[in-house]
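For clarity, chains are labelled A, B, C and D in written order, and residue numbers in each chain start from 1.
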Amino acid sequence: MHRAQVDHRSSAFPELTRSILARLPQVVNQTQGEAFVFPASGSGMWEAPLVNTLDPGARLLAVRFGQFSHLYIQAARALGYQTDVIELPWGEAASPERIEEALRNDTAHEIQAVLVVHNETATGVTSNIGAVRAAMNRAGHPAMLFVDGVSSIASLDFQFDAWGVDMAITGSQKGFMLPPGLGMLYVSPKALARLADARSPRSYFDLRPMRDQNSRGYFPSTPAISLLFGLDEALTMLLEEGMANVAARHRRLATGVRAAVGAWGLSQCALRPEIASDSLTAVVVPAGHDAARVIDIAFRQYDLSLGAGLSELAGTVFRIGHLGDTNSLTLAGALAGVEMSLLDSGIDIQLGSGVGAALHHWRVA
Amino acid sequence: MHRAQVDHRSSAFPELTRSILARLPQVVNQTQGEAFVFPASGSGMWEAPLVNTLDPGARLLAVRFGQFSHLYIQAARALGYQTDVIELPWGEAASPERIEEALRNDTAHEIQAVLVVHNETATGVTSNIGAVRAAMNRAGHPAMLFVDGVSSIASLDFQFDAWGVDMAITGSQKGFMLPPGLGMLYVSPKALARLADARSPRSYFDLRPMRDQNSRGYFPSTPAISLLFGLDEALTMLLEEGMANVAARHRRLATGVRAAVGAWGLSQCALRPEIASDSLTAVVVPAGHDAARVIDIAFRQYDLSLGAGLSELAGTVFRIGHLGDTNSLTLAGALAGVEMSLLDSGIDIQLGSGVGAALHHWRVA
Amino acid sequence: MHRAQVDHRSSAFPELTRSILARLPQVVNQTQGEAFVFPASGSGMWEAPLVNTLDPGARLLAVRFGQFSHLYIQAARALGYQTDVIELPWGEAASPERIEEALRNDTAHEIQAVLVVHNETATGVTSNIGAVRAAMNRAGHPAMLFVDGVSSIASLDFQFDAWGVDMAITGSQKGFMLPPGLGMLYVSPKALARLADARSPRSYFDLRPMRDQNSRGYFPSTPAISLLFGLDEALTMLLEEGMANVAARHRRLATGVRAAVGAWGLSQCALRPEIASDSLTAVVVPAGHDAARVIDIAFRQYDLSLGAGLSELAGTVFRIGHLGDTNSLTLAGALAGVEMSLLDSGIDIQLGSGVGAALHHWRVA
Amino acid sequence: MHRAQVDHRSSAFPELTRSILARLPQVVNQTQGEAFVFPASGSGMWEAPLVNTLDPGARLLAVRFGQFSHLYIQAARALGYQTDVIELPWGEAASPERIEEALRNDTAHEIQAVLVVHNETATGVTSNIGAVRAAMNRAGHPAMLFVDGVSSIASLDFQFDAWGVDMAITGSQKGFMLPPGLGMLYVSPKALARLADARSPRSYFDLRPMRDQNSRGYFPSTPAISLLFGLDEALTMLLEEGMANVAARHRRLATGVRAAVGAWGLSQCALRPEIASDSLTAVVVPAGHDAARVIDIAFRQYDLSLGAGLSELAGTVFRIGHLGDTNSLTLAGALAGVEMSLLDSGIDIQLGSGVGAALHHWRVA
């Protein structure tokens, strides 16, 4: 027996479904196509774009420049898709030139989709998706553009229509400031047109029953209702602030964090300033030091969670998140914790130097 | 930036993971094999047992006797598995005899697994899984036994080991009394042994990275943390009560509900008393009446959510749930709401008759 | 360090204060005078009307017809006020005739205020406050009228202006459906005019600094902020429903409960039907039975809280509350619990009879 | 109708009452006498010690050295007690010498109690209560010692027994880290012995019915149940940490904040280092600047609540709280906000200087 308002089969439920699905596209400036929500983690959403639009064994093009783009490629291959990979140094962004070149070489137009991670959470690097689309157009290639926006959507500027994105995915736990458990999927009209013919086996992530039920305000399987209520509220907050303001706020916070890194005399994992992410910053520790020790001290001594360097960056990088429900004071507190943890780890920085440098950017007056 | 205790990569997180995974098996009396938790709905878990143990196009045997067994078969077929179906009237339970017969006919032992819904939520019918296993053994067939326990596990008696189950699945929103969003999967040693060789494409539901990460206390993708905290608490509550007591409590509540249906002069969808479910009761409205009207009145006038008849039962059946966080008084209130809704719909019953009949069973003294 | 929005000295706080104080009067149909909120229990509010308007040792007139009117008189006497008492049988309502007579006898007009409990929670009896005021007017007596509305305000019809009430008090935990911890006080212009001259010592309950701070949106001492947020929300819910509808809803629920008591063959503590309360019903157990046993069984066996008979009613009465956040189904569940508890206690009633009688009144169609 | 576990008259309620009342004394190292909890604000608790132990018009001795000691004196006078006042500069602590002198002059031993604020929230000054008691003893005076511990108890060291305190009061919203709404009162055996004979009128704050009901696990009026559950949990947290550790933690945090004030080149309101409070710091802005502007900027631009200078300190002081649920990182964030607000207000400080100075003290290694 459920309270009426949380029964996902009740006649009152479509109001919630529609409130969410009508507003979700505005977060990425999408005016065409449709948006969907699944009970799944963000990385689970790597699967949905592929199985809904491709035939088994289809050929893809992907760019690897960090752990999450690596895992995205692994997911595509695990599902049996033949995935060409452009390898870039970790710390670089997706290269439009290399994508253009690869597509020009595919004269038979076998490549069905290009897979790009917008914001590589492992390295703190943001790719230029608009430039990727321009490169695809220059190559005159019909491939679709699939974008992992897990740590960008609802935080950074995202122009679904203008960038010609065909599928974009994210999760509830980053820009939407919710607990994890929901995956969101944005689909272009071009990608929607493939649903009927794509022959990849699929069940849970099949968009056809989802579209059918969504159109009547329901879901084909039990939705994660408590998180949907949270998502509805998050949409109200984000759209009231305005997505351009949300992006500007993240930009402003990130500028301060980058100033702090500079004041400490440390460098970022991002190899060039113009690709540094506004939603998180990956910091490289000096040679001879262990980033894992900094992270461990931060967690145990100061109750501060820093992200670890992943895979080939393990031990050389720690990550500071600055997306979602953060403001200058909580971030100043986090920078203070980083400063103490660095010094406790034997990395010689001046206490207060990074916070002070950040405050210069965060001052309002 | 997260609070330390909710960072799923922190060194404190494995404590939660282990607390859950060590206790989840006790709910189904499982002592061998492993249990898993996914951010997914319960029906999403139909996919995991199949893709992790089967080759593409593998042959299966399933029984259809209600809407959820029907959807289970649809999922298997959508994933490309060749699924033989034993058709039974809706209101019947899975027939061990028919399963034995089908398996005997499969002399080449092509059938890889038998798919059975334990408790058919659409009809309020509980199958005898132990008898199904005995039938499989009598047939001398090596197929695995996959059980949908969405509306039975954590409510009804479930003997994973004794019944020889190979895969059992459920969701968070029924017996575990949580919001929806988690899917649980129980796996036998025999099924685990198939993970390495099964050639079905899989990514999100792949148990290999899940096992690997779980063994160290982590998850391969971001888990639905808020629900995991709830699950940990739900396990404490269930195991403190004891699973035998949980089952007895559901039996007692169900007996009262069935007495109420009898007092109203109505019949159940379950065709025989011994297969009537202890977790929900599907009630057939008299000919000439519309169950949808009863449900609509209950929702709009009395703030009571009744389940609808699904597919071929639409309009003839409404369903009363009595699993999870329910006691005799909330259930008496629900029965009272059903009584008023029935009478308001023109179905002539005596107000108080069903509640009174139920109270006879629920009295303690 | 507080979050800005919960700092009761911040420049944002007056918005909350004003939202509450502007709407609180509408709950009792007050258009003149002022309303106040204290961090205190409802019975604590007995003190505020007295110390703010009276000189030490002032003479009062009160009516005793149950445990709460008894405690009200005790409070007045403990504070040193000379309190004449009209004694009535417990189960009766305040008698306008007796009040008129007492006031006529006070030819010197020494009596400063008449103290009446609107809804006597101990006996389930509602006094007619309008009739009391009419009696006071007939006597031509200038005394103020102080009303305890703890279990009536925000549930039953309350006409502060029309009934000529000078002070009315209540708490957060009844009609406002909040946790306990707030006391509300409604004050007429006549009573407000006494604040300056009243010479009773007072500090915590002194309305002068409260008025002064309230007028600027603040409180003289730290308010119970979490409950104030709840009160603001409760006001929105109550006023959206409309106070006349709230009263009608309680009347409808009460009618059903009274029908149940009749169906059980039991009688109410209220001695006449027209004074039976719409917010709770006190039920008399048959001679030879112990109401405490019914209450104990309800609590231990069925998780149901019934109110006990208090003082001279101990053992002969149990009380069923039906105010606040209750609807027909939760109340049907409570009645079902009462039925089982009665039978378990050896009181011979027919299971379902009371619930059925109530449902006749609660059916919508 | 309440859920059973929150019915304050149920037979299960005494478990909560006893859990709280048995542990509350440990917070102040009290082993004799009793502790009480009222639904009231902390300042409301000024009234209880007086009315429960004194006759009307009794003579008291109090020390004024800030706004809260001023209000405490006002409360005593409003209740009709003749209150001698030792005036000290705001920024000083209670003077044991002056108290000794005043008591020696009272050769007739008319003074019934000495009223001292332990931690003056307005100025960030902590008085030495042990030294006050020693002075009283030296004077050979039998007066009781009443202590306002609103912003000290559960944060700073408090030795109820060793300091010979007779009454100590506090509220829920400071050291107990709860929402406001509860007042706590600690009473010595000597003070308890006065309850029977004290002739001040009292009702709500009367300890006699409170003791009587508490002894059976109940309260004389409806307690603020939701806050009591919170208090029970807060006691568990505080006592697990250990009160000596709690005090040391506050000392450590305060040392950092004072270092920050020094680094900014500003001075504290506390006139001597040894009386500076460990639970909050009042900072004096340079001549020609307006502290209200700093506070307003902090609130509007940085979502940071600073305390205002009160009464004669208005405009010259702002206050930084560092008690309760605070750690070094949230406090570093607050200091960062202060830095930006100071600079935005035209007070020339170096960004990062205060935070850096604090971090030197907060580093673990």
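Everything that follows uses one rule, which is that contacts are C-beta pairs under 8 Å (C-beta built on N, C-alpha and C of every residue); 3 or more make two chains touch, one makes a residue touch a chain.
In this text, all values refer to a predicted model and were calculated from it rather than measured experimentally.
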| item | value |
| --- | --- |
| Touching both chain A and chain D (chains) | none |
| Separation of chain C from chain A in steps, with touching chains one step apart | 2 |
| Chain separated most widely from chain D, comparing mean CA positions | B |
| Gap in Å, rounded to a whole number, between the CA centres of chain D and chain C | 34 |
| Whole-Å separation of chain centres (CA-atom averages), chain B against chain C | 48 |
| Mean-CA-position distance for chain D and chain B (Å) | 56 |
| Sites on chain C at which at least two other chains make contact | 303-304, 330-331, 334 |
| Chain contact topology (line, ring, star, complete or other) | ring |
| Inter-chain touch pairs (all) | A-B, A-D, B-C, C-D |
| Chain D-facing residues of chain A, complex | 297, 301-304, 327-334, 336-337, 339-340, 343-344, 350-357, 359-360, 362-365 |
| Residue ranges of chain B in contact with chain A within the complex | 1-4, 7-12, 39-44, 46-47, 56, 74-76, 78-80, 171, 173, 179-181, 201-206, 220-227, 296, 299-300, 303-305, 307-308, 320-322, 326, 330-331, 334 |
